[in-house]
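I am attaching a structure below and will ask some questions about it afterwards.
In order of appearance the chains are A, B, C and D, and numbering begins at 1 in each one.
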């Protein structure tokens, strides 16, 4: 690999890692604060992508679609928390997992009924539809860089929320000790609702932003679900920073794995995970 | 105490199932055979989830590894000996469970669920992406293993009725074996771990070793189910290891009520029956299935096994008034 | 009084029972049972629907009959899940006792079905799945294919590129059987024609992060790139390839699945791409024109290659039944009839090889707007080599 | 194991220190426990008594310092390994298997002394040695009448007794008991004190306790901790007389009976 390629591959890794972070951040947040393994996270990603498709078709602009889509996703998340998850906090983790498993089936079928099973594309907003020449034959799409910027902004915003706000105080003090949090005089039901809605919105946002480059298709959620899980496992329970570090590690492992050890590229990421677990059974940045 | 009282319905159920081949309908013989295989699989998982408190979301890996092992170990044009491929495949699953257990048992609770899922996914990709077992297309097992011992053939697995009773016999043996194991000192420790692992440690139990033992045993029995599946259908695919399969078997355990071996069997029957019936009624069966899963989780925390108790309580409540 | 009521009731019951039995017998004799095992949910749901539509369209054109008999459909959603494939196939074969098994899209599922068909001696027609093995080492008298083998369009592309004088090609595909078989088919023809594969790249299915490969391609600068992708992954690859600016400097080729059904999703990135397939837009035969008009009328959809494959599956079975005098029970005759049939397909007429795979023309097509327009026939009557088939 | 020498040093902790992040929970705590002795750890809430007992039992590794049992360094052993050498503990919050019977709780504890995980076909309930031992320990802890009760329904005091029976059945020579009298009525307390006195005859007991009457009734040695530091260590009379202890702890009346 020559130096120029190496640099571009590094850029690829960073960009992919940041996108993965965007997908995984909502998962780790819900996971860390509510103690729920949300298998339907991939479905929220899928729902986001379809929202982007439907709303972009209707309004003609992805930006507008995102602006409209985020409140919809937040409301949808809050509704699900109210209707379903709020009844299960005292139950076993297992039952919560199965609930989300049931939701995947429901969401996929509803998607099929409402939007059909075709593959769709979403147009990149005109002002981002350009590319930067990197080598004589290769250029880099501006839209990808823009997504990276959004991911960085989001990471900073999450950092701010976690470090500087009351909600963040909970997250840091946090985990699922309801008694302690209630003793602090915080309405935990409201916090859970907000966190879950936020988790859904983050997944949906990831889906909306990824829609123009990944296209929109049935079962797209299950593709990102597992890799998000690996990131959360590597990063450590509920740690947003852990998720960021882990997403970047996975981004690099996947990119360079494909180029350097193509035979093993499917399992490189899992090998990384196994090594991390040997070294730190609770993930790189265990919360607390 | 009321072992005899609960024994009778079990024997009746066993007798009914044993009559299935009398129908002569090969589809039903095979489909019930498959459900029995899934019941064995569910029991093996229940050992972990219901009795040891280890919620594994990657149990399909051990099912799939043994299934692949039979397909790979069997020569292409002749039948392998059952007495070689059976222990070998089950042993491979046990070995995989042992090695993976060394990693995953270092974690606890919700984290354990995720890590088992991730490791199973790794196993999935090994079969999906390497030519080891035919890659993504899967692999045929063209000749079912032969049961002959020095020329004497006690039964013939290519005969669907023999195959059915072979599976049923394995199911009964696994049930009796697990019931016995749970009574043993080892089993009592597992139940203690589920109840309060920390206390078990302070009583001097190296709980990691017991959990590893349980994980390996569950992997081996899950492998036994996978072996039977491969022999029954003669076809293996990476999808057998996918997380959907792990989720399905967890559902069976939940449906039957965790920590109840007979419940796990009932859960397998209920799950498969639901799937069949919904798929027959409508194209949108996934919607129904998803709805049922959500409803069971919300309204039936004890699974189906909890239903009689609920009815009893409701009736008693009524009488009291 | 009482007695006579009983008698009446008894007679009535007897009559009804006889009538029921009569109807049953008539059913068994008159209807031909078709088992459709296709994906109606999941990633390939659209393909399953198109195949079903195509099949039913032919039956309708044929007066609602096959071999002169009414058709009774039994449908199973295979979910493209190989783990349930054997069970699903058995359901159609052993429970519903279908005369012919039609399916499916996913190669893994089709292989499982083919085993059931072979073991139970049930006729099976594969309306899509391209795994070479189906009409290769795993071929069977009972298994036919109305679509293609993975080898066919790729081999044709290899020939065509070699003929064009292209020397160095890089390949990218998913690391799964269909992808690897496609690249192998391409490689065989391309190297025979004097070309050379400078880089063979694979990534795990269904990973769609192609950027590392685009970077590799840009640094290797081959004369051309050959890829196999399908569905959403294909749309993404083509879009990424264009966005990376490679489309202008290094031409991209692939089997037609790269662009079929995906042009909308690519949003113009596919314009001008050359692909090979056994079907195309802008064919000039009358059969195709009629097929398309009818399809669009009936289903309010534009037909695609999958619909054609479904349509031809029905045609093939009709040919077989005709040869057997309309009796699906005469399997030997049905098989012989299908083997010797010349199918008048919308894609152009084809016959079946000894291994039961279509011997068909492969077209070079170019993307123009939302169409894959036929340019030329690059391989006339291309026959899959059916390696490993002992039939 | 069974030879009981009076004043034999069973457990010796030297300068144990435990930090949590920047917080020092225990600093340079040294404790000695001899056979036939009840040694009480005394101190106000937050003094670090639980941290100390957790370090002794192996639930928490010390940041610094060494622990010896019968002269052997056991600092690196886990809780389970320490149980195996002869250190048993009970917990501040009742820590039993509530769905098991009293007998099964104690039998499970007894079983830990002769683990045979490979004998999958032996019925645990037919292992006579474990049952006999469990019954004896239940008797010794004063729970003889409750053998077949489901432990979850026992009274609080009885559950504490059950914990002691469990520890006894592990052949523990050292009993680390974290507030065994907490939440007990006076009658239950008195009978527990009797049990403790009986147990002292052959073992060494380290006790964390708030109940002053009970402490002075049973203690042979008292260590007073304040703010994670060792304030004073000596026989009850010395502690009662200590000005430092009175100032720091005993002086405020309301902390007498916490």
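By our rule, contacts are C-beta pairs under 8 Å (C-beta built on N, C-alpha and C of every residue); 3 or more make two chains touch, one makes a residue touch a chain.
All values reported here derive from a predicted model rather than from experimental measurement.
Novice: Give me the chains shared as neighbours by subunit A and subunit C.
Specialist: Both subunit A and subunit C are touched by B, going by the contact rule given at the top.
Novice: Shared touching chains for subunit B and subunit D?
Specialist: none
Novice: More contacting C-beta pairs: A-B or B-C?
Specialist: If we tally the C-beta pairs in contact for B-C and A-B, the bigger total goes to A-B.
Novice: Report the chain whose CA-based centre is farthest from the CA-based centre of subunit D.
Specialist: Centroid comparison gives C as the farthest chain from subunit D.
Novice: If you average the Cα atoms of subunit B and of subunit C to get two centres, how far apart are those centres in Å?
Specialist: The answer is 35 Å.
Novice: Can you compute the centre-to-centre distance for subunit C and subunit D, using the mean CA position of each chain? Integer Å is fine.
Specialist: Here the centre of subunit D sits 74 Å away from the centre of subunit C.
Novice: Distance from the CA centroid of subunit A to that of subunit D, rounded to the nearest Å?
Specialist: For subunit A versus subunit D, the centre distance works out to 48 Å.
Novice: Could you please state the distance in Å, as a whole number, between where the Cα atoms of subunit A are centred and where those of subunit B are centred?
Specialist: One centre to the other, that is 32 Å.
Novice: Which residues does subunit D have that touch at least 2 chains other than itself?
Specialist: none
Novice: Which parts of subunit B, given as residue numbers and ranges, touch two or more other chains?
Specialist: 125, 128-129, 286
Novice: Using the touch rule from the top of the page, what residues of subunit C touch 2 or more other chains?
Specialist: 41, 175, 204
Novice: Make each chain a node and each touching pair an edge, then name the shape: line, ring, star, complete, other.
Specialist: other
Novice: By the touch definition up top, name every chain pair that qualifies.
Specialist: Touching chain pairs, listed by label, are A-B, A-C, B-C, B-D.
Novice: Per the contact definition, I'd like the list of subunit D residues that touch subunit B in the complex.
Specialist: 57, 59, 78-81, 83-84, 88-89, 91, 95-100, 104, 108-109, 111-113, 115-125, 127, 130, 166, 170
Novice: Once bound in the complex, which stretches of subunit C touch subunit B?
Specialist: Residues in contact with subunit B: 40-41, 76-77, 81-83, 85-87, 90-91, 93-95, 107-108, 111-112, 115, 119, 131, 133, 138, 175-178, 180, 204-205.
Novice: Any idea which subunit A residues touch subunit C in the complex?
Specialist: 1-2, 4-5, 8-9, 12, 15-16, 108-109, 112, 116-123, 131, 133-135, 137-141, 143-144, 213-220, 223, 254-256, 258-259, 262, 265-266
Novice: Taking the complex as given, what residues does subunit C use to touch subunit A?
Specialist: 41-43, 45-46, 49, 175, 201-204, 206-209, 211-216, 218-219, 221, 231-232, 235-236, 239-240, 243-246, 249-250, 261-262, 264-267
Novice: Looking at the complex, which residues from subunit A come into contact with subunit B?
Specialist: My answer: residues 31, 35, 37, 39, 84, 87-88, 91-99, 101-110, 113, 226, 229-230, 232-233, 237, 266-267, 270-271, 273-274, 277-278, 281-283.
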